[in-house]
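Two complexes, one shared chain (chain A), two partners (chain B, chain C).
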Partner chain A sequence: MMLNTFSILSLIIAIPFLGMLFTLFAKEASDGSTRNVFSVAVFSVIANIVMILRIFMLMEVYKPGLQLVETYNWMQNPNIDIVFGVDVLSLMLLLAIHIAFIIGFIGVRNNLEHQKSLMVWSLLFLSMITGFFVSADIFSFYIFFEGMLLPLFMLLGMFGDVKRQEYINRFLLYNMVGSVIFFVATVLLFNYQHGMLELQQLSSMKLDSRLEYFIWAAIFISLLSRIPIWPFHYWIASVNSSIRNPMIFLISMILPLTGIYGFVRFLPKTLPAILGNYILLLQIIGVITMLFIALIGLINKDRQYKIFSYITVYYIMYMLGILTRDEVILLNIAFSFFSYLIIVASMEVFSHYIAKEQMQQGVLDDGLLCSYPKISIIYSFMTLAAVGLPLSSLFLNNFLILSDLLAVNIKMGMIMLLALVIVSSALLKELFRLRDAEKCSISAEKGEDISRGVFIFMLFICFILLMSFIKPLWFVVGA
Partner chain B sequence: MLAKIITFSPEIFLVLALPLIAFVNQYRSSKTAKTFYSIVKVLLIFSILSTIIFYNRSPLPHLLQNDTYTTLYKVLLDILSLGIFFLSCKWFLNKNRSSALYYALGISLVLSLNLMISAVDLRILVGGYFAATILQYFLLKLNDDDDCKVGEIHYRAFSFLLFLIMVLSIIWFQEKIGSAEYSKIAAYYAKHKIQMLDVMAFAGILLPILFMLGIAPFHFCRVELSGLSILPVHVLSNLIPTISAYAVIVYLLTEVFSKFKEIYLPFIEIVAILSLLWGAISAIKEENIRRFFSYCHIYSLGFILLGILPFNNNGITSSFVYFTAYLLTIWGIYMVLFAFKSNGEYLQELTDISGVFSQKPYISVLLMVFIVSLAGSPPMLIFLGKLQVMDNLMINGAYGEIIISMVALLLMINAFFRIIRIMFFEAKVKNFDHTERRIYICLFINMLFFLVGILNPALFIEQFELLLKPIMR
Partner chain C sequence: MIANSVFILATWGALGSIFASVKSGRMLSFLTLALSSGLFFFLCQHYFSGKVEYFSFDWLKYMSLQVEINLSSTAKNYIQIFPIYIISLLSMFISFFSSEEAQKQRFCSLIILNLCAFIGVICATNILQLLVCSCFITVLGFCIINDMDARKKYAFYNLLADLSLFSVCSLVYSYIGSLELSALPKFAKLGAHRDLVSILLVIAVWLKMGLFVFHNQLYDLSVLQFNRLTYLLLCSTPLSGLLILQKFYPLTQISPYALPLLKIITVLTICTGVYNALLIDNIKEKAIGLMQILLVFGLVEFLFYSTDFVAIENTLLLGGALFGLILYAISYSSSNEIYISSMGNFISGLKVCFLFLSLAFLAFAHHILISYASQNYVLTLGFLLLLTIVIAHIYRQIFFGESHADERVMALLKNPAWYMLIPILALIIWFAKKEYDAYYMELSGTVILFITLLWFYPLKKMENLYQKEFIQESDVFETVFDFLIITPLTILGRILWLLVDFILIERTIINSLSNATNLLIRGVSHLNVFSAKLYFLYILLGFGLMALLAYMGHK
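== the complex of A and B ==
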């Protein structure tokens, strides 16, 4: 039974799903061109971005708690309500993911192999992750948490390399175990509460000590199985070192976000005593993983691995920030995440483009950007924004997050800072190598730069990032 | 008298099919599978309608009784049979084989299983069981393959042995209580203490039904034969008897032998856990598609039996939700199996469907949806059943069973995803034939139910609770 007359949050889940169906039945041209499929997919994402912007207009952005709440009675025995709701954090993340998807789609627009499958599974993933970010009750949270695994599994299997069997097994092992544990915790909580459980209520629930111990262990394991932190990083690392499709790399890089976001939704404002040991352990493992991955990123010659190490280090930093349960940090993380996701998507897409050009030209990639002026501008902008220069909301918000983390634990903060410096230098080193004019082995005429349309679009993305530096919610009237 | 005859119409319609099939087979020159299917279809539809109309009328109240509970299962059984006969028709046309015997045996099987569901006397139950076993045996003999012979011998031996045990048990109840009627047995044990021989007689009734249900450790013949029998027989004998056996077992344990609860609860629990683990572990390495889904059947029934414990209202509803969702899903899978053929040959090995996605993307995606549903992944249909069963287990504090079922689930997920990998990620090894329109029609109807079930499960669950009321406390 539908209790609301107009359900804008359900609509933003439905649009990518409908887009997926339209893409599934879209006719491919007889010459093998996949323009139709591509256009339908991009249109669905743009339509959803418009809806997300509309939601920003409808809500009071700085008001705490979930807004625009929608409730549906899904089942009566057991009584399960599906509740949707958003706050500024979930909306910022959703907007960033959608923009990242458009960038990802641009990166694979000329792909001819299984283009339809790529778009269909990507849109299904987008629908699921949108549902995940608007979930406000434990059941819908679980449904979307698990629902997004199938599209990623299909993408990894269809577009993976010769080693795919190996990392698909790892992917299944880690994520399925996480999901099953989470399912048991969900039903346990539901039973304990004798009915429906909204995520907001979870923080104030009084659990008996044994149950509390199990519930938190289950939640931590299932959420951490998505985050590239030791010992759960194994599947993500193997996926990212093997996948050479920017869209799939992007999707597999968005997946850890679900684990991080889970902590935001599940952890109570005042952490229960039982969590003290978990958190300390997590902090220690977190900073060690950060440092370790950052060092590997610095040494490793593979550009994709450098991007992966950058992503991992930042994810762990955000996770440790969330564990502090400071409302100001949470808001800063939301603003920082917005730029972070867009930057990562852009860097991956252009890194892939460079690698493709390098293969086609049959040259080394040292100084390659000198022959591609448009890519050079965008890639340099993104790298500089990624390392924390005042070009996006990463600059100020990361500064605030770090200063708060340093205040919480100086040792942890220092190691984190060191890891950030290492990954930043790895990215800068890579940029200097790509822009080294002395080593450039092909002429500017030979290189096929990105089209003017894509360049203008990417300049617009740079503009969005710059504006987010000036004011994170610049696009919301009256914010 | 006339009223009694009219009340008997569901059975009469089914019986009528036999002389009609024989007559057409004998005297009509141009007869195909379609001819026999048409006869069976019309009579089965009439039977379903009259079952619904006379849902609470009983022609011989001391032997057969109808209520919403029996009607629910009978209608489910008849509709599924109709669907199987529909798809089998094309199979016989493709193979250019005579289908008269298949349809005659099939409709007789439906009749005997319906009688088992309506039975309120152990003599009718054993009669139905005997008829069903014999009919299944003859159905299995429709295969010309010599490999099948060993399986047939095993099946015949075990069925006969279990039938004898069942007869002896009934004789015991008849001698001791003076009647084999369900109500009298229940009334007797409500007043008297249960003795050792009573338990043995009860086991003699229970074991053949569990054998018919096909769960571990009584599954050996079914699995053995499922890989060898012809596809229509495999689907028919895997699905139809299960519905009847499940209906009977729930009714017997809740209404007739409820006083034996302390004895049968641990037994059912062991059988359920065994089925879960056996099904899941065996499925991992299985290479034959049909045997794979037979193991999946064992696993699912294990989950269903685990969910029904301790046979309270919650358990009955939750396991029925799982059972219905399972039937709808496995029926979808069998439909797809009817669609997978290469050069007129229906595929049997998992490797045969390698890369099927590249040639049959829509059907492959549908099969994937059904498989993901079988894995209990949200928001698919079986997830609803899984949720209800887990909720029931939590309520009963059965944490050990929860852990075991989750381990089995993980093993089964691994097995299911192996099929998806083969279909989608591996290179094509065979060219697949054109898929008939009837399969698409069936799949479309199935998906429609599937979608309604996912979007508004309350619609089904509420109705089920109402229909299951006769056995609810």
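== the complex of A and C ==
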């Protein structure tokens, strides 16, 4: 039974799912072209972006708490309600993920091998992650949290390289441990409450001390299993640095976001005493991981690993920001995340394009960007925005996040800054290597640059990033 | 008026840099120059009218953060903007006429965007406007440097500088809760980690200005075309570093270490500048050394004697432009020769040019004496002495003595182009316009010293050092940075990668788990082998378990 009639949030979960079904039944051309499948997939994502923008219009963006709440009573006995709701943080993340998906699709548009499967599983993932970001009760949260592993598992199996068995094992090992623990915690909470629980209620629940200790430990471990924090970083590092498909890289890069977002939804505003120790431990491990991964990123010659180290350092910074439980910081994290996801997606797509061209031309990638002027412009813009120059919302919002973190713990903040300097240097170093004209071994005529259409689209993405620097919610009237 | 000008210039600059093309570049660059000159005229008119216009625009209005963009037209802002504007116009003017500049429109557009960023820094009344505009100057400088090798150190050093400044601003904001620059003195009372904040600020200024130890980023720019080089040295990150120091000055006073450290560095930087201006063969590197001496002299005046920063900044910037133009003109006259060791005896073909350039130096010396000797007599004289030695040394090697130039260069010697001489003449007039009412002795002394140094050439032996590869080519500081920072970081990264990732996680944890799972699977497989004995054993175990449970239940 549906308790209210307004169901736009269900719609944004349904659209990618329907898109997936359409893609599944879309006819492939007789010449092997996958343009039809690609167009259906892209159309689904664009349709969902339009819906997300509509939701922005419907809500009061600066109002705290979940809005546009939808409640469905799924079962009477046991009593299970499914609750959906959004706030500005979840919507910004959803919008960024959708834009990142379009960028990812563009990166694989000429892919011929398993194109349909790639699109189908990607759209399923998108549907699941959309559900995850709008879920407001622990049951739907758990379903979508686990549901998004299936598409990634399938994609890893299909597109992984010779070592894929090894990566899948690691992927399963880490994620299943987290899933099982989370499942136990959900069941315990369900039994304790004698029914379903909205995420917002969790913070005000009174648990007995032993249960509280276990529940929080379980939630922390399961969320951390998704985040590239030591020692959980290993499976993500293996996948990210080995999978040579930008779409799968993108999906595996978005997965840690679910762990980070979990902290936003689960951590109460006023932390129980039991959490104090966990958070201190997490802060220590977090900054050590940041420095550790940043250093490896600096010395590693693999571009994928450099991007991964950048992603990791930023994810952990956001996680440490979320642990402060400050509403203002959360808002800044939302704005910062928006640019971060788009930048990382663009960098990965173009990094993959360069790698592909390098293989085709049979040359080293030093100075390769000199033969691809359009890619060079976009890649340079993205790198400069990524290192924190005022070209996107990363600049201003990171300023506010860091000012808060420095006030909380100066040592933690300084180590974090050091890690940021190291990963930024690694990215810049890579950019200079790619743009080193003296080492360029192919002529500009030989290199096949991106098409005019893609270039214009990417310039539009750069424009979006620049606008997000001027005003993060520029697209919302009256915000 | 400033706000309107910035809006027009920024729009034109952004459009110009996006649609810059080689074909229409010359015409568009002329339009850019004409537009900028027109706006400069209106700005001057507004300044002389004495009107003050306050302009602030609400940029961000969050619950927690309100940021305004301030572009008020006040006399102080005008005075600081004018020299930067003049140098920008000069660079655009030269690039328009010079055949060396291939991308005229792009360069002109970047110049006016950079000018807008500087206006933003000068008019800033809050931390964020200052920080954003300073970062824009870094990005625009990066774009103006059209050589990848020259960009490398620039980018890394300025990234570090911007992140240091970023940390300073973050820390200050977190303690005082205000973005206003006028609230900075509060940090002394409310803030913590004062030494850290102060030292980070010094590091930011140190890196941005390319002071001693980090000066090699400026010397790497010597591969650029002369006009771009002069523009970058005078109107890019070194100047933004000075302006940042001026705006954040209260923060240098909260720690006992910051100012002494900065003072030591400035003195060492002047020594480096003199060293390079005297000993390095490349005329562009000499120009860099000379301009470093000028900018850092401003810093010395400011730090040691608290001289009015605005007035001295203007003099030294225009002085820098004058000497940049002089050395550019010499290089141009000798078919773009850049090595002093390949010059000499140019007086035979460039008599008028030599007189003109000597006059330029004396006009500048006159201006310095009249303007600053009354405030800091010893320092001004010391500075003038240093400058006289350096300029006389350079002029002597170029214009007199035995010629080392090849025949082609000597045959093609020509006077500098008119588009170089006009700006030099304008600057000479500007420097000489102050009334000549005092310091006759000092000025006469400078003239005599200048002529004596030219005549006797006491530093002749230094010429031999042009052949020493160690002095001319080696970058000691880069080697030191590599040894002290890059290599340890690389080694640490490798150790962590191998020890923690590979040995601990891959080989120990994951392999152990994998082996344990294999062991379990093997054990279970053995148990499941088809065997009557095993089945009998399981049945017995089952009975045993039931008996145990029954016993426990009974108990």
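Keep this in mind: the second predicted complex is superposed on the first by the 479 of 479 C-alpha atoms of A that agree within 3 Å, B and C clash if a C-alpha of one lies under 4 Å from a C-alpha of the other, contacts with A are read in each partner's own complex, and residues count from 1 in each chain.
Just so we're on the same page, contacts are C-beta pairs under 8 Å (C-beta built on N, C-alpha and C of every residue); 3 or more make two chains touch, one makes a residue touch a chain.
Bear in mind that the values here come from a model prediction, so they are computed numbers and not experimental data.
Student: If you stack the two complexes on chain A, which partner ends up touching A:455: first (chain B), second (chain C), both, or neither?
Tutor: neither
Student: Is A:390 touching anything from chain B or chain C once the two structures are fitted on A? First, second, both or neither.
Tutor: A:390: touches chain C, not chain B.
Student: Counting residues of chain A touched by each partner, does chain B or chain C come out ahead?
Tutor: More residues of chain A are touched by C.
Student: For A:278 in the superposed arrangement: first (chain B), second (chain C), both or neither?
Tutor: A:278 sits against neither chain B nor chain C.
Student: Once the structures are superposed on A, label A:474 by its partner contacts, choosing first (chain B), second (chain C), both or neither.
Tutor: Neither chain B nor chain C is touched by A:474.
Student: Looking at the overlay, does A:231 come into contact with chain B only (first), chain C only (second), both, or neither?
Tutor: In the superposed model, A:231 contacts chain C only, not chain B.
Student: Just checking: does A:420 make contact with chain B only, chain C only, both, or neither of them? Give me first, second, both or neither.
Tutor: second
Student: Is A:73 contacted by the first partner chain B, the second partner chain C, both or neither?
Tutor: first
Student: So in the complex, which bits of chain B are touching chain A?
Tutor: My answer: residues 317, 372, 377-379, 383-384, 387-388, 390-391, 394-395, 402, 406, 409-410, 413-414, 417, 420-421, 424-425, 457-458, 461-462, 465.
Student: Show me the residue ranges of chain C that touch chain A in the complex, using the header's touch definition.
Tutor: By the definition above, chain C touches chain A via 59-60, 62-65, 128, 131-132, 135-136, 138-139, 142, 148, 151-152, 155-156, 159-160, 162-163, 166-167, 169-171, 173-175, 192-193, 196, 489-490, 492-494, 496-497, 500-501, 504-506, 509-510, 513-514.
Student: Where on chain A is chain B touching in the complex?
Tutor: So the residues of chain A touching chain B come out as 73-78, 142-143, 146-147, 150, 153-154, 157-158, 160, 164-165, 168, 172, 176-177, 180, 183-184, 187-188, 190-191.
Student: Flag every residue of chain A that touches chain C in the complex, lowest number first.
Tutor: Chain A reaches chain C through residues 62, 169-170, 173, 230-231, 234, 237, 292, 295-296, 298-300, 328, 331, 384, 387-391, 395-396, 399-400, 402-404, 406-407, 410, 413-414, 417, 420-422, 424-425, 428, 432, 435-438, 470-471.
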